[in-house]
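Following this message is one structure expressed as structure tokens.
We just call them A, B, C and D in the order they show up, numbering each chain from 1.
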Amino acid sequence: MASTVTSAELEAWLRAAAVELAAHADELTALDSAIGDADHGTNMARGFAAVIEKLDAASGGEPTVPALLKSVGMTLVSKVGGASGSLYGTLFLDMAKASPAEDALTLAQAADVVAAGVAGVVGRGHAVVGDKTMIDAWEPAVTALQDAAASGASAADAFAAAAAAAAQGRDATEPLIARKGRASYLGERSAGHIDPGAASTTILLDTLARVTAESASDGKSA
Amino acid sequence: MKKLINAPDAVLADALRGVAAAHPELAVDHENRLVVSTAPREGRVALISGGGSGHEPLHSGFVGVGMLDAACAGEIFTSPTPDQMLAAAQAVDTGAGVLFIVKNYTGDVLNFEMAAELAADEGIQTASVVVADDVAVQDSTWTAGRRGVGTTVIVEKIAGAAAAEGKSLVDVAAIADKVSRAGRSMGVALTSCTLPAVGHPSFDLPDDEMEVGVGIHGEPGRKRVPLESAHDIAHDIVSAITDDLDFTGAPVIALLSGLGGTPLIELYVIYADIAAALAERGIEIARVLVGDYITSLDMAGCSLTLVKADDELLRLWDAPVNTTALRWGV
Amino acid sequence: MKKLINAPDAVLADALRGVAAAHPELAVDHENRLVVSTAPREGRVALISGGGSGHEPLHSGFVGVGMLDAACAGEIFTSPTPDQMLAAAQAVDTGAGVLFIVKNYTGDVLNFEMAAELAADEGIQTASVVVADDVAVQDSTWTAGRRGVGTTVIVEKIAGAAAAEGKSLVDVAAIADKVSRAGRSMGVALTSCTLPAVGHPSFDLPDDEMEVGVGIHGEPGRKRVPLESAHDIAHDIVSAITDDLDFTGAPVIALLSGLGGTPLIELYVIYADIAAALAERGIEIARVLVGDYITSLDMAGCSLTLVKADDELLRLWDAPVNTTALRWGV
Amino acid sequence: MASTVTSAELEAWLRAAAVELAAHADELTALDSAIGDADHGTNMARGFAAVIEKLDAASGGEPTVPALLKSVGMTLVSKVGGASGSLYGTLFLDMAKASPAEDALTLAQAADVVAAGVAGVVGRGHAVVGDKTMIDAWEPAVTALQDAAASGASAADAFAAAAAAAAQGRDATEPLIARKGRASYLGERSAGHIDPGAASTTILLDTLARVTAESASDGKSA
């Protein structure tokens, strides 16, 4: 039962996430149409396509975890734009900063790294849970991840728990009145819609859970 | 969707090629998506703005003598990125520092913030002014605050004149901030805009309704109401603006902008009613622009901006400017 | 129909009120529907143009220093009347005579003809130049000939500069005529326009089709074809224009005008392709304007105008102009 | 059997024509949409509304025929605009010039007056029959009117013949390719549509026939 995450797994995650985000781009944009400016799906798809390009272009061996995360963060910052570009960019850049220069992280380290990334997002965007942003998905995900790591769960189970918590957080944004980001301009009219950034967060974590589960079963079957 | 484009994801790059072809006096950095003035800067403060594309002529149309030194173009309705802004700062900084003129959208604010950090790392001094003038949005320190709209144009013009006079970064930023605080805007949409990448209107607006207080990205406004006459719309938006700030007792700079899909003749029709509504309230319009200055792709509608000025601001407003969208005195 | 208006039959009067309110430097004669320059004329030839409304900024946006002395505004898409033109001539004639700049539509031609007769009765000397530059229409002496479109703007600018230099009526008319003969235009509509008095689009254009060679009143063009990319449209209209007149070997003035409902970003997208198509043909663009200059209410689309110039015409083009829609050098 | 036309009858005609043109404005504009610029109905309705205003404002007794015709011509010239404004204006102004300064015209005089007006339209617009313009209705109407006058018909019958000839001329414009006016820009695409000016001409003559017939029967019954 693997309780580590390797950079190879992270790379597999990013590649799978790019596919998922492209597949869900219209859905994310539709959410952003309702309470934003109809570009979140396009932004995320464009950003992650650039991440894949960067991965494909990278020569040499597997990078360390922080090198990989930093490269992703830089790419997102320079290719996504909008609020999500700087926020997802900050997430990855701050995860990179918190990560030991290794090829793999223990689950406990991974939990701390994600927590550091999310703290970076909060530091930049000043959102708290209940503001109807991606933080509503990330905060419970971090808690679930840290709890799972502390209880000795496998990486796959831990990320599954994080993804489930994110999904709950995402759904919980629906009735909320936005206090941050573009949706806040709507005041009460923002209620009744799911936050697009919380939805893309959940896609990222769902994919991470799936990829680590696949990798765990590959490991077992191998 | 009917647009003069080649492909949704090529719109920005193609438009920048068009700007470069039409205006040899501008330097276009296609890699970084920058439009840069080639006019000499001679040790003065440089001005940079930028934002999502789709609001043309904002910002590239305001690059040139007496206004912006560079504009950073984001994807359609998406803030540009910090590396673009850094490249712009590196291109135009003379050592006197750079003022970032930022419209108050989370994306723009965060990306310009990151750019300021990167610029500081490179030894470039920056200051920022954030424009948040849209009275359609409730102001609050608990939220993202108000959107930045038409006052941005007036900030860019007046700060540009201040920089041209050789004022320091602190002083240029202070003037920009003063204009920004003195401005209020409100827009009305008769139709939605259509993003090229989306292909259908961002929101449904029945044939007999309009959106009052719409955002320049198609963000819903204060209310959706039955389509009104130009006279009633004029009174609505003038009331909303003047309820928010007292514009009497000072010369006012007015900007009536089309949103991209509304022809000039309609802007003049409603300007007649706006001028009457302002006169009724004893507000003195000292300067006025009517035309497309800050748009929302192909949206039909208009937005009104008022800035409370004084002799100093009027003097800077009247100073020579030579950009593709605003030109006088030169 | 979604328009910023008060009533279909009030559009023109309201718009003129708006022009008057926005531009105190223009004299608006509401009774005769004239927009008149208040700049001194000092014994020189005066320029008058006019036409149906709905093409703004044409013509009122080109009234001022170095361009028109007066513009006569007709009802939407309807030529103004001889009495308006006579009133304009009486308002601006200095004794040096008046040049009428006429777009080649039967209504405009006949009404300006009657106006010239009336002016002669009043002892005012007039000359006329008729612009007929739309290559979408087969040229023939057996028909009304070609429509007058974008070249009109360039005639007004260059003839205005010639008049400002104190040239005689004969000479100003000769220069206007030279420009008129050297200009060719072609337009493309992505959507129909909607006349306020009609309330629905003038023609049906399916969602996936466009009208190539459309007229500025919504007159059908050469053909209706499936919607093309900006690149293909650019090549189509450049071919149509350059097949009609050889534009190589001389500096060319280009005007890319939006038709009223198309935003600037799209104009730049297609201008990139137009510039490339012209370069391929070895045509040298010496001067260019991109924006809304001659529109068709809220129609989406654009029109391209090329005028074959020479050093003299470029010098007159570059001369100072100060109107609400075109300004430089002052 | 009246074979004169009085200025009172002409005034009754103009008032009735204003009503008819307003009633048919959309129809005329629809014709003009197909091959022109969608304003002929609006133009004619506006022009004749102004004529009525002028008639209403006129004080004093019944004007002479030429005074009435001239006032109508001036009003149309200054209120209609477009091609039809100068052409219908010229029609009435040139009819006025050809008219003896009387309160009534004989039918023969009336036929000559109309012929002179139509000659004026031709002089200004240079259209010939077959160019798909109002001339296609006016020319046969003039011929019919002159024939009827020569054969001693009543005014009502003569104008009915003129109106019928105009209607035929109007219908004959349908297959034609326009060679004058805005429709000529369409080339072959102008075929298959009735010319709006020929249609408004027919409305004017129809109304004249009706008004003179009513006045004749009033005269009989009186």
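Just so it is clear, a contact is a pair of C-beta atoms (placed from the backbone, for glycine too) under 8 Å apart; a residue touches a chain by one contact, two chains touch by 3 or more.
Owing to the predicted nature of the structure, the values given are computational and were not obtained by experimental measurement.
Just how far, in Å, is the C-alpha centre of subunit D from the one of subunit A?
Computed from C-alpha means, the inter-chain centre distance equals 77 Å.
Taking each chain's centre as its mean C-alpha position, how far apart are subunit B and subunit D in Å?
Centre separation, subunit B to subunit D: 55 Å.
Approximately how many whole Å separate the CA-defined centres of subunit C and subunit D?
About 33 Å separates the centre of subunit C from that of subunit D.
Touching two or more other chains, which residues of subunit B qualify?
none
Touching two or more other chains, which residues of subunit D qualify?
Touching at least two other chains: none.
So that we know how the chains sit together, what is the shape of their touch graph: line, ring, star, complete or other?
line
When you check every pair of chains, which ones turn out to touch?
Inter-chain contacts occur between A-B, B-C, C-D.
Which of the residues in subunit A come into contact with subunit B in the complex?
29, 33, 35-39, 42-43, 46, 77-87, 89-90, 124-125, 178-182, 184-187, 189
Touching subunit D in the complex: which residues of subunit C?
9, 52, 74-84, 105-107, 110-111, 113-114, 134, 136-138, 142-144, 146-147, 195, 197-198, 202-203, 215, 217-220
Which residues, counting only subunit C, touch subunit B once they are in their complex?
Per the touch definition, subunit C meets subunit B at residues 2-7, 11, 14-22, 53-54, 56-57, 61, 190-191, 207, 210, 227, 229-231, 233, 256, 260-273, 275-276, 288, 290, 292, 295, 297-298, 300-302, 322, 327-330.
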